Amino acid sequence: MSEAIAKPVEGERKVFMTGNEAVCWAALAAGAEIMYGYPITPQNEIMHYWTRNVPRFGKRFLQTEDELSAGFTTIGGVLAGRRAFTATAGPGNVLMQEPLSMAEAMRIPVVVVVQQRGGPSTATVIYSQQEVTLTCFGGNGEGLRIVYSTSSHQELFDYTIKAFNTAWKYRWPTFVLADGYQAKMRESLIIYDPGARGISMVPAEPLVGKPGKIGEDREAVHLRNAYSVEEELEVALARDITEYERVAPEIVESEAFNTEGADLVVIAHGIVFRSAAMAVRDLAAQGKRVGYFRPVTLRPFPQEQLQKAVAGAKMLLVAESAYGQLLKLVKENLYGGTCNLPIETILRPGVGITPEEVTEACSALLDGKGA
Amino acid sequence: MSKPVKIALAGEGGQGVQSVAQILMDAAALEGKEALYIPNFGIEQRGGVSIAFVQIGDEKIGAPKFKTGDIVIALSDRAVRRTRMYVGPQTLFVYDSGIEGVEGDLPTNAKQVLAIPALEIANRKLHPRVFNILIMGAVIGATGVVTLDKAREAIDKRLGYKFEQNPELRELNFRALQEGVNLVAGMGVRS
Amino acid sequence: MELQPKMPKCWSMASKPHKFCPGCGHGLVLKALGQAIDELGIQDRTVFGCDIGCSLLSWDFFDVDTVQAHHGRVTPVMVGIKRANPDLIVIAYMGDGGGYAIGSQHLVNSANRNDRITMVLANNTNYAMTGGQMAPTTMPGQKTETTPFGRDVNEDGYPMKGPEMVAAITHEGAYVARGTVAKLRTLKSYLKKALENQMSGRGFSFVEALSTCPTNWRTNAEQTWKFLEDDMQGFFPPGELKVPPELAAPAGSPPEGMPIRLMGAARSGAVEGSDGQP
């Protein structure tokens, strides 16, 4: 691999760009070395920007024949010791669960950016929050993955860099979950060199093809994902699940506002959180007893933080551009805490939710008229 | 908290709707304002009406799309029909007076409906190529969302490479911008 | 007196005796491959990828870095590794199903891209591990668990001739050959060339190895060899199909092909339960 000719981002500067472009710059700034990908709207521009920067910064790229291959070649890139990533959406995300199952089983730190679009099937190429279940729990496993849900271009940039560190430190497939609106809209953000902000990048290392003579300097590595008997699998899963649960508290991230003393707590993630935050802050400024809770990691889910945030609430409002995918996570993670709270919902699969809609729903609930 | 100005621009492919949106964004950036722009994209965009949603304000914009715009501008008959859904009681609805057969399709719930002879003026006094810059001038005139100064700077930034080859183009574009502002001012619109 | 056959140095002793069925051709293909790796001295920088199915059993076969991938996905995993670290020598090992069915789009595209990888495909005309279902290379009239009355070409088409297809779509620099476990030294020479072709950075290399499966063929030793040497070789002619000039064989190459003979003993019509694995 040739040495980078120049550093992609020096210091920091404010820019106006689309989300896809921000992802690309984050990957470059994070020192990602190779991208494998397949075209699908609305993430194509990540590849467009990446390929244009390949010669300039000594990076690599392969357009594969489909998302199955994109996922498996990314696994290969990681096995060879590179910071490798891919991006996908919708039906591509469905296909990608094939390789992602393998990455999950074998603790291969792939980084995947998902720009959610309408579902199921082809639906729209535009927007939704309908790939939450798929990204968190897709594949035939237990969802031992890390999923960050972003709500702005700044976060797209910040968390794409973080995803590489999280993946290589903890060795789980790590996702940046955004959507078509974030991918295609243009807004301001500050791009920066992680070093300039004191962020050190966790080094990648080869899992196969390490230097040295077999039998003298090292042993041969044999990686598999198949077992012969149930007990073997049980041991492997117990080991992985135990570790996942052990490190989850270090990984979870969430945000809460005005939840102490709030009668109503609004729960949303991703770009819908943005609308919810605006609505809640507006109402709170008027003295209304309303707050919000936002999971940043959907996986592992900030359960403890959620339960704490809603401990004093009388009711909850869950808003998402899906039909209950966030709601399911919320309910599951409320259990054991205050699980009898009435939960109202704004469920709009594949459709955006504006601050005005959230304000209206909150006002109606706070006035006791119901959603 | 001051709310951002919500602008929806719609027209046929080739009328320069997305270009105007981008230049407005650049101007907002130069003003030091916050802005968010998103086009309609995907299957609808191919062969359909081209729509740009632009929001400009002092604080970070809350959501990429909006239910009703402060100003909605439609540059074709299909655009008139397509953008009706973004019109509310506070909306200024602007359309090109040259569009035929849309009388029955115009929104009835807008704050004000304005027909401007943008294309006619562009053709007669300027050049059809700067029609979209004239529209941009109309948007600025109606909303004051950016200053003309920064608008000109933004146009220079984006189209400067063309002006280098043909300096008259700069004059033409700046005149179109002014024409747009004048057009709207002359019709008594101030938001 | 040496009772045990000499094993390739890059074979792992810990996983021997291996788990392949008696009479299975995989052991022979992997022996030829092991010899090739030894002779080229590339043990330390080889990454061996295997598929699901019987090839899965080779996951700990070599003292070589190994990755067992999903069914049909060895090729992209090896391509990913090679693209990220071209100094490694990658071998994508699979059966006829992994290569010509579920993995076919990866095969075709990797061949077209001229990826510098070496694909080794063991063709035993059935999906063996799962109990002997029809495979892309099952021959007309051949009885399998999913063609209990014999493969009907009107229903299921003709057997796929992989190397011929690969030779047709590959470009300059590719090496394509078909060997057979019946002629092990020749097979080894093909595998060696296929690896050399990768080492030189010339292009995509593909070797199909005609192999045996007495377990699912329900054949005894004599019938097995007959099926391999008469029937299979008749349909799948061994030889080198595409050779870059730098790898062209010297005079005196082994003879190719054998006369065509009709199918051997018929399979019973009863559908038997699968006692295989994934």
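Letters are used for the chains, namely A, B and C, taken in the order the chains are written, and counting of residues starts over at 1 for each.
What we mean here is this: a residue touches a chain if its C-beta (ideal position, glycine included) is under 8 Å from a C-beta of that chain, and two chains touch if they have at least 3 such contacts.
Bear in mind that the values here come from a model prediction, so they are computed numbers and not experimental data.
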**Study point:** Category of the chain touch graph - line, ring, star, complete, other
**Key:** line
Practice item. Average the CA atoms of each chain to get its centre, and name the chain whose centre is farthest from that of chain B. Key: C
Point to revise | Between A-C and A-B, the pair with more C-beta contacts | key: A-C
Check your understanding: For chain B and chain C, what's the span in angstrom between their mean Cα positions?
Key -> 64
Exercise for review: Could you put a whole-Å number on the gap between the CA centroids of chain A and chain B?
Suggested key: 35
Practice item. Calculate how many whole Å lie between the centre of chain A and the centre of chain C, each centre taken as the average of the chain's C-alpha atoms. Key: 40
**Study point:** Residue ranges of chain A touching chain B (in the complex, touch as defined)
**Key:** 16, 41-42, 124-126, 152, 180-182, 184-188, 271, 274-275, 277-278, 282, 285, 352-357
**Study point:** Residue numbers on chain A that touch chain C, as the complex places them
**Key:** 1, 33-34, 36, 60, 62, 64-66, 68-69, 72-82, 84, 98-99, 101-102, 206, 208-210, 212-215, 220-226, 228
Point to revise | Partner chain A, residues of chain B touching it in the complex | key: 1, 22, 25-26, 29, 34-39, 41-43, 60-67
Review point. Which part of chain C faces chain A closely enough to touch in the complex?
Key: 10, 12, 43-45, 47, 52, 56, 59-60, 62-70, 73, 76-85, 87-88, 105-106, 108-109, 277-278
